[in-house]
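Sharing a structure, written as structure tokens. Questions coming.
In this document, chain identifiers A, B and C correspond to the written order of the chains, with residue numbering beginning at 1 in each.
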Amino acid sequence: MNAIVAGHVHSPGRMALQRFAANRAAMTASVLLALIVLACVIGPMLAPWQMDDIDWTMMQVPPGIEAGHWFGTDALGRDLFVRTLEGGRVSLAVGIAATLVSLVIGIAWGAIAGYAGGRVDAVMMRIVDVMYALPFMFFVILLMVFFGRNFLLVFVAIGAVNWLDMARIVRGQTLSIREKEYVLAARALGVHPFTIVLRHVVPNLLGVVVVYAALTVPQVILVESFLGFLGLGVQEPATSWGMLVNEGAREMEFAPWSLLFPAGFLATTLLCLNFVGDGLRDALDPKDE
Amino acid sequence: MPQRISWLVLAFLAVFTGIACAEPQVLRRGNQLEPESLDPHRARGAEAANILRDLYEGLTRAAPDGSIVPGVAERWEVSEDGRRYLFYLRDDARWSNGDPVTAEDFVFGLRRSVAPDTASPYAKSLGVIVNATAVLAGERAPETLGVAALDQRTLEIRLAQPAPYLVAMLAHHSTYPVHRDSVERHGERFTRPGNHVSNGAYALADWQVNTLIRLERNPHYWDADAVRIDTVYYYPISDEEAEFNRFRAGELDVTQTIPVRRFEWLRANMPESLRVAPYLSTYFYGFNLHKPPFRDAPGLRRALELAVDKELIAEKVLGRGELPAYSLTPPGIAGYRSPEPDYATWPMEKRIAEARRLYAAAGYSGDKPLEVEIRYNTGDTHHHVALAIANMWKRHLGVKTRLVHEEWRVFLQNRRQAELTQVFRAGWVGDYNDPHTFLQLMHSASGINDYGYRNEEYDRLLDAAAQETDAKRRMQLMRQAEAVLLEDHAILPLYVYVSKHLVNPRLGGWQDNLLDHHASRDLYFKD
Amino acid sequence: MTRFLLRRLLAAIPTLFALVTLAFFLVRFAPGGPFDDERALPPEIEERLNARYHLDAPLWQQYLHYLGNLLRGDLGPSFQYRDYSVNELIAAGLPASMLIGSLAMLLALALGIATGSIAALNRHRWQDHLVMSLSMTGISVPNYVMAPLLVLLFAVTLDWLPAGGWNDAAPANLLLPVIVLALPQTAYIARMMRASLAEVLSSDYIRTARAKGLGMRAIILRHAMKPALQPIVSWLGPTAAAVLTGSVVVEQIFGIPGVGRFFVQGALNRDYTLVLGIALFYGALIVAFNLIVDLLYAALDPRVRYR
């Protein structure tokens, strides 16, 4: 990322950082996000409970300090504080890992195909088309049904779905960018195509990519929770925000806390991610004021 | 002049219809899943059975309280040795197209049900009929099956061995007659509306896949005057929460189930609609008896059973009126009383003390704990039960338990192969009101004994019961057999399932029953 | 143009072939079979059933058999819904799926483009904040939470709309499912539109146009809209796919007789032919949709040539 930003003419990374730091909403979101991540990492160690401990005397009790269940318990007397944070670990990990996978593959693939054009583009997009027409979500469902629900499988499968989107969007943008005057000029000057892609195409894609990435993390988190709704999410005793929200949604009329806490964390995280994405976009795109 | 007459006629009609038939009664039932088939000999699952009970009538049928009453057969006679049944059919029984229902129709139906080409999932339970097993195996022609029409209205069924549960079994859809003409004319498409001819209180009027099935009253049904609901809708709604919401919004009169965690809320907020009753079924854990640590270790199995607080599971983990189970057979089976193991009346402390003693005697301790795997199919309830049991074993004995859950079909395969399993989830729903439907599971010759249970005494008692013609004596033999099974701790019974519905309080005629059969013909709206 | 179309249609064949092959072997290598049940079938019967459905032949023969039938347009009998063929089941579910799918797409596009443009034209003003926070909600609330919430509000409490059911596609029954299905997509499109229009508006040629004294309205309609819509158009493919998947949840919650509901059931029951048929059907839909997207893309940007 640094190299790319540094490569952007007259726009060193420091300036982008300064612009980002000046954006109050984005900074607040970043801090909040950092706090949530921190809570998910160390929170479970602070609580007196473990994820699967059953408190036989306190089943589905509302939040309370003296009971030691800060977020209440679920129908089986399991502590929701611990479960929410543990679920956050899984959701965040799935979201980030899958997004990274899809970004790296997608940008490389789309930029190369779009810039190279001609036969290379045709073949590369042919491959994307072929994969595209595979209803991937359905394959994810099949994989989950048939081969057990495994954390790794979830994020590989989701990442594999998303890079296609990325590749197409990047390629579409590249198609127009490469017809732009400055690219044509660089090509006329005999600059190596790879350098052109890296110096001119990719930086110009950043706006779209960052917005897209900011949308992808929450999207992945949602996809994971969608699998949870179908009964195909991560395997118990592991849990995720999606699974907890799904359970909570079924109890919202009589045990609202079991929806509110995980949903609050989920929504806040998604919100923050989006603000950070917007902030990054504004900071990275010098054309915008 | 003609105009005036038509006005008169109209006015007369208005008054007349207002008096004679008020609103047509329409019943809307939630039915969870799309039925796999409406062919009574191919169908499987409760969804299809619910609809088939409205469409068809067997020789016998279940009354609203679940007891078996005459259906198409007005009465029947049993021979001395209990192997020959004569059923006398009522002469006013009609198909929905007006054809009479004859003994031939039943012969045709039963032959079709056991014919190997039909591949009926229930064919095996008809194995008591003479030659049924050979027909099923393709060794004999379906015509050799021990059923015969002595005349239009007399049906003879010959059995290979006495089976007092035959009469109850004949209320099951695998023994229904089918309309020969339409089956032969339309082949596999005979279950479509327009082609479908049935002999029950209702006829199939519409079938929109995954949307609804509509039944209209069969005007030719012999007891049509007693039928008060005119139209029945079955909606496949797989999401419990969605079904519940549609009931609440007044779009359903009967639900097939209630949402998992709603029981308390419903009891407080909609008690007039909530119907929960014990169901002819048992939820239990099996031990893999082929392999250590459970092979030849009845003491260990007993320790594990004693350490489970079944009352706590039924009340806290499930909490929907489930009963703790101490036997394979659920309570309430007609003419049968399940044996009660000694510890059932012990207080929990005594059970735990005994469990600890047995656990230690089996060679386990805090330093050398038992490490065991509970395997179950994916599902909230199963997970919670397993979690609770693991928690109890850990607390009382120090057992280290690993929970493994698998998708249903994968689970079934592993359970059958008995290679990976140690402790595993099991359950059984009785097909008819008789202990035999449960106890045959554990017979060493049973095709579905995934437990590896083999006890000659048990087999001998069951076999003797199968030959016994005296009903009382037969029940005694089965009770002895079950006592042997429980003594061996071959399984760990956990609880008795409940049937749970939401029923429109305006709907009359609903009676809770063990079989969870609620035919629409017995229901009506009070006004 | 016609040649382009023809070529793309021909090119769809290997795509669908790859799809069938992948799906076929994936479902067939799954553990468990269609006739497994707690009450195991007697072996004789299972044999018969396997023979009837050609499951007793070697796998490659079954594969060829399936392909052969496929060429004749026959997707085979359903293993689970024994009274129907897969063709009939898909045909029965098609109208409902297509109807709510296309309505949701249209709604999402119309709402998304409109609100996204408003936000872009009023950046950092209250309109922008309103649109963005609404779209944030749309993205942050999973549809399986949104659906029961709406049902609880509009069907159970207010009693304005039915809680579910199809009722021959009555508008009242369509409203909630279409909204739930469209909501997240609307949010995505609005965000995309906002980003893309803002970018176009700040580009050199728009500045030039503005410097020339052209009116804002004319600039937007004549110069900015077309390029701004490009990312939206490339987003249409994924949107269509998302709507299709989303409809699995929506169909289940609202009891809509679409194709999606069969898929999960089919997979759980190892209904090989049904799962394959639906996967293939969705594949064909997505292929068709991508073709439309490409045509649109070319129409919006004349520099992108049909190749």
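The criterion applied here is as follows: a residue touches a chain if its C-beta (ideal position, glycine included) is under 8 Å from a C-beta of that chain, and two chains touch if they have at least 3 such contacts.
Computed from a prediction, not measured in an experiment: that's the story for all the values here.
Colleague: Which one of the chains is farthest from subunit A, going by Cα centres?
Modeller: So the farthest one, by centre of C-alpha atoms, is B.
Colleague: Please find which chain has its CA centre nearest to the centre of all protein CA atoms in view.
Modeller: Smallest offset from the overall C-alpha mean is found for C.
Colleague: Roughly how many whole angstrom separate the Cα centroids of subunit A and subunit B?
Modeller: Computed from C-alpha means, the inter-chain centre distance equals 47 Å.
Colleague: Distance-wise, how many Å sit between the C-alpha centres of subunit B and subunit C, to the nearest whole number?
Modeller: Inter-chain centre distance comes to 39 Å.
Colleague: Using mean CA coordinates as chain centres, what's the subunit A-subunit C distance in Å?
Modeller: 21
Colleague: Which subunit A residues touch at least two other chains?
Modeller: 145-146, 250, 253
Colleague: Mind pulling the residue numbers of subunit C that touch at least two other chains?
Modeller: 30-31, 148, 152, 268
Colleague: Would you mind listing the residues of subunit B that make contact with two or more other chains?
Modeller: 241, 407, 410
Colleague: Enumerate the contact residues on subunit B facing subunit C in the complex.
Modeller: Per the touch definition, subunit B meets subunit C at residues 33-34, 36-39, 42, 44, 116-117, 119-121, 123-124, 136-138, 188-189, 191-192, 208-212, 235-239, 241-242, 245-246, 248-249, 251, 407-410, 412-413, 416, 427-428, 447-448.
Colleague: Applying the document's contact rule, which stretches of subunit C touch subunit B when the two form their complex?
Modeller: Listed in rising order, the residues are 30-33, 36-42, 44-45, 48-49, 52, 80-84, 88-89, 92-93, 148, 151-152, 155-156, 159, 162-166, 252-255, 257-258, 261-262, 265, 268-270.
Colleague: Along subunit C, where are the residues that touch subunit A in the complex?
Modeller: Interface residues on the subunit C side: 11-12, 14-16, 18-19, 22-23, 26-27, 29-31, 136, 139-145, 148, 152, 184, 188, 191-192, 195-196, 198-199, 202-203, 227, 230-231, 233-235, 237-238, 241, 244-245, 248-249, 263-264, 267-268, 275, 278-279, 282-284, 286-287, 290, 297, 301, 303-304, 307.
Colleague: Which part of subunit A faces subunit C closely enough to touch in the complex?
Modeller: Touching subunit C from subunit A are residues 118, 121-122, 126, 129-130, 132-139, 141-143, 145-147, 165, 168-169, 172-173, 175-176, 179, 207-208, 211, 215, 218-219, 222, 225-226, 229-230, 242, 245-246, 249-250, 252-253, 259, 263, 266-267, 270-271, 274, 281, 285, 287-289.
Colleague: Which residues of subunit A touch subunit B in the complex?
Modeller: 52-54, 56, 59, 75-77, 145-146, 148, 231, 235-237, 250-251, 253-255
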